[in-house]
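Pasting the structures here.
In the two complexes below, chain A is the common chain; its partner is chain B in one and chain C in the other.
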Partner chain A sequence: MTIQFNDETFRDDYSFYNSERAIKRFPFPFHEDSYMYSVNMEQHRGGPADSVYEKRFDVDEHYVAEMRDRAMVLADDPLRCQSLPHMTLAGWDLLELIMVSKSEDYPDLFELHRDGNNWRWINKPLGIDDSFVFLDETTLPYGPMEYITRQAQGDFCVLDQRDDNLWMDAGMVTTQADWSLDFDIGMNFFEWHAPVPLAHEKGIFVRALKFLLNIQQGAPARRLNWTMTVNPLLDTSPENYHKWGIQKTTLTPENIGAKQHLRVELQTFFRLPRSNALVFPIRCYLCSFQDIMTVPKWGRRLHRVIRDLPEELATYKGFIDNRPMMLDYLKNFDDGQPTSAGIWPDLETEPSLAK
Partner chain B sequence: MSGAEKIAVTVTDIVPLNDLVTRFEFKRTDGALLPTFSGGAHTVVEMQDGDITRLNPYSLMSDPMDQTAYTISVRRDDEGRGGSLFMHNNVAVGDEMVISYPVNLFSLDLRARKHLFIAGGIGITPFLAQIKQLERFNGHWELHYACRSESLGSYVDELTGHHPNETHIYYDDQDQAIDLVSLLDGQPLGTHVYVCGPKGMIDWVRKTAADEGWPREAVHYEEFLAPQPGKPFEVKLAVSNKVIHVGEQESLLEAMEREGVDAPYLCRGGACGQCETTVIDYTGNFIHRDHWLDDSEHASGQKIMPCVSRFEGKTLVLDR
Partner chain C sequence: MSKFTFPESIRSRPVYGTLEARDGSAHLLVADAHGAEAILDVATPEMMAKAHIIYIPKGEAFEDKLRALNAASFYAGPSYAAAEPRLRKALADAKMGLQVYLAGTEGLMGQAQNAAMAAGIPHTAIQTEHRGSIARRMQCVHCKGITEDVETDPFVCSHCGLNLFVRDHYSRRLAAYQGVCIDAEDPGNVPSPKGIYE
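The block that comes next holds the complex of A and B.
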C-alpha cells in the first residue's frame, strides 16, 4: 500500500492528524479493561497485515513530518543525540539493521545497494541518495547512529551489555515521554528506571533485565507502553518541560476530545550482531481521545482503565490533575457492555455504543 | 520454543589439525549468507546420533565479518559422552546439519584500552574470532597461549606467523609457564583480561587477578562444560505431570527433551543461566557442576541447572 505522507506539525499550530487508516492501526495498549505493569514481552516477528507489528520498523503517514520535527529538536539541543566512544560499532550495527530492514520491507520507498563495503542508500521520502563506505565514519555526514536515526521514526537507545547489566551508552532521543538521555547517559538498567513507582517492588525490573540480557540475534522482542499527552507533542522532554508542562492546564470539557492524546510506545529490542549491544527502539504513536472514541470497544475500555488506574500510576504518568475531566468525557462512551479480549478494534464484531 | 534460532547448514570442509583437534566449516544449505557475529560467540551444533539428538556448544573461530562460512574446532574427548566423537567419526563433507544463531556469552568489553587474552588448549578458539575482529579496528591486544606440546598446538603457526609481536606461546612439556603475576602487573590502565581454557586455568587467572587488585569487571572468562555421565535417577516434573528417567549417558535436560518437555536452554554448558530450574522437593544429593549458581545457591537445594548437573537420591521434584 502506498503511503501518503502528511504535511503536519507537532508544535505551534499542531496540525498533526491521523487518517482513518492510521486510527484503525493505532496500537491501542490495553488488552483488557484494567492495567497494571507486567513484563508483557512477546516475539517481534511480524503481525496482522498493515498493523504496526507487521514490519521490523514501521513507516507510516507521519514519517516525513516526524523527521522534520527531529531535525528541529536537534538544531536546538544537540545533546539529544549522544554516543560514547565504545559504541560506534553498535551504531554501524544499527545502521545496517535499519537499512536492510527498510529496503526489504518497503522496497518502493528505500533502496540499499551493497558492493562489499561500498554502500549506496536511497531514501525516497526524504530525498536522500548517499554513497559511503560501511565501517568508515569519515564517509558519512554524521556518526552512523545519528545518520540513520535522523531517518527513522521513534527514539533509539543503544545499550551496551556487560557485567550482567545493560548500559545506556548511546541514543537518539527526541520524542520521549519525559526522560532525558543527557541525564541517563552511562547509567545501568536499574539506575535509569529508578524513578518508576511500584514496579521495583513487584520485581518487574529484575525479571525484565533477565529477559533482555537473553535476547538473541535473529529473535527480536516487543512490548507496548503508554502515557498521556496534551496536544500532539512528540518532544515531551524534561529539557522543554517549561514549554509543554503548562499546556496540561489548557484542557477544557469542550476541547478535551481533540487536545488530549493517548501516547503509545511500541518498544522493540534487537540484539546487534558485531557489537553484541542491544538496541531499544521506542516508537511513539499519538491518537486524540475523539479519534479513539470512533472505535466503540476502545471507548468503553479506555474509560474503565483510566477510572481504575492506581493513583501512583496516574501521578507518575502526569495526568492525575486532569483525570476527573477525562472521566467526565470518557464515561459518555462507556455503556457498560462487555468488551472482547485483546487490543484489536474488532469493529465488525463489537456492538456500537448503546446510549 | 527453546534455544536460539536455527540455521540449516552443510559441512563444506573438514581439516584434522593434530591428534586431538579437527576443524569443521559450515555454509548455509540454502546458499544465503550467515549472520555476522561478535568475537567470542558460540553456536550450538545439533547432532543426530541414531535416536539421540546431541546439542553441543562450540566457539565460532572464523572472521566475524565473513558471512560466507562459519568454522569451529572440535577437540576429541574420548572419555566424554560422545558429542565430540560423533563430530570426529560420523560427520563428513556434504552432510547437512542444524546449528544455532550465534550467541555471545564472552564478548569483548569495547571500552578496554587493551585486551589481554589468556588461552589454554582448545580455549584458543573464541580468541581467534576476537583477534580478527580487533585487527579490523586496529584494536590493541596480546595473547598468551598455553599448549601441552608443539604437536598439539592448534593454530600456533598461524598466530605466530601473522602476529609475531602479540603472540606468546607456552609448551607444558617444555616446562614453559605463564608468569601471570608479572604479566598482570605490567598492563596499562584500562586493560581487560580474558581467559578461556580448563577450569583450573580459569580459577587461577581469576584468583590471581583478584589478589593483584584487578576489578572484577575487568576479568572475563568462559568455560563450557560438557555434561558428564553418572548414575541414572528419576525425576518428577510437577508442571508437566510426568515422572522421567535420566539415563547414565544423558543429561537431565536431554531427558526432559526426550520426553517432549519444552525446557528452556541456550548454551547447554552451565554458563548462560537459561535452564535454571526450581526444585520443589528432594531427598538426596545434588551434583552441581554449573558456573551459573553461586555456592550458597548450590547449597540451598532450591535450584538446579539441568544442562550439566545431576542428582543422586530417592526423590527429586522439579517445577517444570
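The block that comes next holds the complex of A and C.
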C-alpha cells in the first residue's frame, strides 16, 4: 500500500497526529488488565496484516517527519550517535539488514541494487539515491550505522557479545525514554539496566540476557515496553530533561486527553551475521489518550492498568505526580465490563462504552 | 583512618575491595591522599623491588612513608592530571603479568582504571580499595562537564550552573557518576544540600 507521510513536528508546535489507520495499528502494550515486568519475548516473524508486527522494520506515516526530527537532534548534539572503534563491522551488518529488509518489504519505497560490493540504495520518501562500496567507509557520507539509522525510524543499540554478556558499544539514540547513550556506552547488560527498579530482584534481567545471548541469525525476537510522555515529544532525553521536564506540569483536566501520550516501544532483536553483534532497535510509537479512548477495550484496560500500577513503576516511568489526573480522565472510559485477552483492538467484538 | 562502608546500591555502581599482594612480573600502584595507607598495608619488600608507585598527596602527609618503601620507581605529583602522562607511559610500557593496584578516592581510582582499560587491561583484573574522602566525580548529563570531588547532593554543576542531583548510575568509560537537573519540573525548588550518604 502507498503511505501518505504526515507533515508534522515532534517539538515546538507539536503538530504530530495519528490517522485513523495509525490509531487502529497502534501497538497497545497491555495484553491484560494489569501490568508487571516480565520477559515478554516472542519471535519476530510477522503478524496480522497492516499491524506494526508485519514487517521486519515498520515504516509508517511518521517516517519522513521522524527522520527530520532525528537530523535536528543530531545537529544539536552529535553525541547521540556513537560507535566504539570495534563496532564498525556491526554497523555494516546493520546497514545490510535494514537495506535488504526495507527493499524487500516496501519495494515501492526502497530499492537496493547489488553488484558484488558495488551497491546502489534508493530511498524514495527521503529523496536519496546513493551508490557506494559495501564495507568501504570512505564511500558513505557517515559511518555505516549512522548512515542507515538516519533513514530508519526508532533508536538503535548495537550490542557486542563477549564474556557471556552484551555490551552497549554503539548506538543511534534520539527518541529515548530518558536514558543517555553517551553515559551508558560501553556498559554491559546489567549495568545499563541498573537504574530500573524491581526487575533485578525478580530475575528479569538474568533471564532476558540468557534469551538474548541465544538469538540466532534469521530468528529475530520482539517485545513491547511503554512509558508516558506529555506532548508528542520524541526526544525525551536526559540531556534535554532540564528543557522538557517542565512540560509535565502543563497538564490540565481540559487538555490531558490531547496532551498526554502513551509511549510504546516496539523492541526487536536481530543477530548480525559478520560481527555476531545483536542489534536492538527500539521503535517509539506515540498515541494521545483521546485517540486511545476511541477503542473501547483499550479505554477500559488503560484505566485499570494505570490505577493498579505499583508506585515504584509509576515513579520510575515519571508520571507519579500526574497519575491522579490521568485516573480522573481515564475512569470515564471504564464501565466495568470485562475485556478480551490480548493487545488487539477487537473493535468488531468488544462492546462500546456503556456510560 | 577507618574505611567507609558504602550502602548497597545498583549494578552499575563500582564495588571496592581490599588490596592484596598478587604474584606479578611488575606492580603498578596508584593512590591519592589516604589511599597511601592501603599501599602501606599491602607492600612487601619483594613487591617493592618490582614496583612503580604513583601518588597524589592532596595535602596528606604520607609521602615520606611511601618513599621509605623503596619502590623501584616512586613519583609524587600535584594532581591526577599532572600524573596522567606518566601513568599512561607506565601502562604503555607494561609487559604481561603486570599487577595494577588503585587506592584512594573514587575519582582517582575511576580515572586510573580508565587509563588501564585503555591500555587493554580488563577492569575485572584491576584491584581497588577505597580510602579517604567519599566525594564523587560527577558528569552533568546536560552539559557533559565533569565536576570533581562532589560532596553534597544536590550540587551545582561547575560548568553550566544547573542544580544537579547525584545518581548512583556510574560510567567506567567516563569514570563518573551521573548528575541530573533536580528542579526541571519545578524551577527554583532546590532542596538544601546534604552529604551524599546522609
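The rule we apply is simple: the second predicted complex is superposed on the first by the 355 of 355 C-alpha atoms of A that agree within 3 Å, B and C clash if a C-alpha of one lies under 4 Å from a C-alpha of the other, contacts with A are read in each partner's own complex, and residues count from 1 in each chain.
The criterion applied here is as follows: a contact is a pair of C-beta atoms (placed from the backbone, for glycine too) under 8 Å apart; a residue touches a chain by one contact, two chains touch by 3 or more.
Remember, it's a predicted structure, so these values are computed and weren't measured experimentally.
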* Asked: Mind checking chain B and chain C on superposed chain A, clash or fit?
  -> fit
* Name the contact category of A:I185: first (chain B only), second (chain C only), both, or neither. => second
* Chain touching more of chain A, residue-wise (chain B, chain C) -> C
* First (chain B), second (chain C), both or neither: which does A:P253 touch? -> neither
* To do: Using the superposed model, determine the angle chain B, chain A, chain C defined by their C-alpha centres, to the nearest 10 degrees.
  => 70
* chain B versus chain C as contact partner of A:L79, first or second or both or neither -> second
* To do: Once the structures are superposed on A, label A:H242 by its partner contacts, choosing first (chain B), second (chain C), both or neither.
  => second
* Once the shared chain is lined up, is A:G116 touching chain B (first), chain C (second), both, or neither of them? -> neither
* Have a look at where A:N214 lands relative to chain B and chain C in the superposition and call it first, second, both or neither. => first
* To do: Once the two structures sit on chain A together, report how near the CA atoms of chain B get to those of chain C, whole Å.
  => 5
* Structure fact -> Listed in rising order, the residues of chain C that touch chain A in the complex are 10-13, 139, 141-142, 144, 162, 167-169, 171-174, 178, 180-181, 184-187
* **chain C-touching residues of chain A, taken from the complex the two chains share** => 79, 180, 182-187, 190-195, 200, 238-246, 248-249, 321
* Can you list the residues on chain A that touch chain B in the complex? -> 85-87, 89, 135, 160-163, 210, 214, 216-219, 273-276
* Structure fact -> The answer for chain B against chain A in the complex is residues 4-5, 35-38, 40-41, 64-65, 101-104, 107, 109-111, 133, 136-137, 217, 266, 272-274
